[in-house]
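Each of the next two complexes has chain A plus one other chain: chain B in the first, chain C in the second.
What follows is the complex of A and B.
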């Protein structure tokens, strides 16, 4: 293995650098998922209202994030909003803002879908027992909605983790960028470095995302029994 | 035993209800006495289920008034929680909460609404489960039960709130025929103990056996009100005669 290109991974402090990059990726993804989930739950609850204006605003918000590519949102915030408001935001902060907003929009839709998929009778049953509005949500609707939200939420989380690879384009040094730099600097020594480095990055994404889908599967089987 | 001398629990005066422009109830007057079992019959779409749902406020009425003891439903400050607590309801589609076990389903109201002591509520729940023969299923989930079992649990859940009235909305209509009996027996048992009930059903034999009074509704109005024996043998109106004939082959 002396001359094998796989050594590029273990050379110098490349592994350490890749993990640093991975940490940036994971940091942006997980902070955004958490903020996005909290905001998303509030948005989802607000979307069960009858007020047309609230529904309309929510609809526009969701569609804006569905129609306009995430990359464009990153550019809008990184180049546009910062100049317009004359503020200075790092690429990472912009990434977290954009991914949180996107996550919140999608999460809101998942929460709304889960709540609306519950039979209306469940609400009536709760009311007939004397539960108040808040208690119907707390004890009847939300616990059931959470069970229905799990597959969509895990799917969203993995999508968000994967899409963080776009942050390279606003100058954030994530795991992909770090890999590129390593490949560049070892081009002469290891011409096939890209295979090994990207292969390793593939593996890194896998070890973040795979446990999520395992958890999702496990919860689904647990709750279906 | 004349229950008409008992105090009136529900006083229903000229109740009017419409959905959008469709009139469902066109002026219903009725009083329900304590301990009385009232069975509401009528063709589909006559408004009997809607009427029942008005009796615990699940449907708002557009005219007239309903009084539970002294509490008027049209009062802006009506204490709905109290009304729901005292007027229980069992639905056609056994609406147990699927994410809770049988015992959790039953205890939710007593613990969270009535804030009762857990041990005391549990003892009552178990006593009631025993009575409907389902104590051994108390840790099961609703999906593990048959339709008839679910419906008996739903009755126990309503009973455990110690309501003064229970409303039954076609509780056997979604059941397989062989399970109807076990549910009706439970209701019959409650009638014997003097529970005040309003029952909407299509089970004529049961209606005759359980009712103190039969209300026959058609097109949003009460057409006929009589003793069960009289209603089934000698109905006064043509519509009731016609309705009863449908049930005979």
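What follows is the complex of A and C.
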């Protein structure tokens, strides 16, 4: 009985549908990681200034995303912002907006940490060589900072991929939703479908995130000394 | 047209806020209770796992490593769906709150284990050898040398994990637990008071997490007094 129930995954076009759902999840994660990284780099650079106001705004922005759960942000944008501005946004668009903003906040912190961890004499040596402000960043700070940023960035990417599982709660047809539909439609034929389908989705997330976290751990130990 | 809409939203229906505040209070307590149980359990799991890894206990340490990787690389929502919808099919039925606590502990345990592990690893070998050379027994070594130093190193990650777990409770609504987000979704659906419901939701999360975060950073200073110097 249980041995045959695993067939629910491979029956008809179920596996194709699950991968379609996974593709939606991956698409949201991918676009958000790209937008978040670009915005995050700008935010991180802006956090190295001395202007108190800029620092304060950045701090509030980061803490807002750290304190309030991501699901609440999804709700705020999906229900709140759409009503307040009287516009219509699909679940996918809302997810991309929220994940990009969240990613940008966290990425900004990673960039700031990397830039500030560089010893001060690097900047001073650059200036002593006659490099201007832009050149110091371009040729001295950024190449070194990128190395320190990469493990953290990969970690953030895995966190974002994992968190995209929440989009099902604002009505996006992602891999979890596809799984639920398959369970519903095959409940009479395969009563134990939910065990296998959720197990399979669990496994899917694992095989995406595990290599990424291994790479980040390896780079971290490799580059830390 | 749009401007009128914005003004409408901004005029808060205080009556709605006052009548529904008790519901939010109830949901907040439920959230706190589940998070508390989850945090305590994950601390226990974390300590056990880090002991297994530290002493390299055979067979068990492979299982613990596998558990840590599985739990860290999958989302809580999928874990909880598997516990709540998947396992009953094999005859293991659990109530929503038990599922929620087990799910939180399953996720949090590995994060706590990593926090403890990094702390224990940070205790320098010279410290342990000095302890041995002045004649401390193994249990004394653990009690007086390793734990105090390891704890002060891992405290920041432990407190970050506590806040992380409290935030993760927001998804428990998916298995029909009446937590804050689930309540908000219901209220928006029933009364269309989007602005009020969401404002209450955000406010209550701030009220819960801000004091916790201050409290934990105070505790951190206490525990790490050797580094802060007071």
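Note that in this section the second predicted complex is superposed on the first by the 209 of 225 C-alpha atoms of A that agree within 3 Å, B and C clash if a C-alpha of one lies under 4 Å from a C-alpha of the other, contacts with A are read in each partner's own complex, and residues count from 1 in each chain.
The rule is simple: a contact is a pair of C-beta atoms (placed from the backbone, for glycine too) under 8 Å apart; a residue touches a chain by one contact, two chains touch by 3 or more.
A quick note: this is a predicted structure, and the numbers were derived from the prediction, not measured.
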Chain A as common anchor, with chain B and chain C clashing or fitting: fit
Which of chain B and chain C A:202 touches, first, second, both or neither: second
Which of chain B and chain C A:149 touches, first, second, both or neither: neither
Partner chain(s) touched by A:84 [first = chain B, second = chain C, both, neither]: second
Degrees between the directions from chain A toward chain B and toward chain C, using C-alpha centres, nearest 10: 100
Contacts of A:165 with chain B and chain C, given as first, second, both or neither: second
Partner chain in contact with A:72 - chain B first, chain C second, else both or neither: second
Which of chain B and chain C A:136 touches, first, second, both or neither: neither
Comparing the two partners chain B and chain C, which touches a greater set of residues in chain A: C
Three-chain overlay, closest Cα atoms of chain B and chain C, distance in Å: 24
Set intersection of chain A contacts, chain C complex versus chain B complex: none
Residue ranges of chain A touching chain B (in the complex, touch as defined): 119, 121-122, 124-132, 135, 139-140, 143-144, 147, 223
Residues of chain A defined as touching chain C within the complex: 2, 66-72, 75-76, 79-80, 83-86, 158, 162-166, 168-169, 176, 183, 191-199, 201-202, 205-206, 209-210, 213
Residues of chain B touching chain A in the complex: 56, 58, 81-82, 84-85, 88-89, 91, 93, 95-99, 108-109, 112-114, 157-158, 161
Touching residues on chain C, where the partner in the complex is chain A: 1-2, 5-6, 9, 69-70, 72-75, 77-79, 81-82, 85-87, 89-90, 163, 167-168, 170-171, 173-174, 181, 184-185, 188, 194-195, 197-198, 201-202, 205-206, 209-210, 213
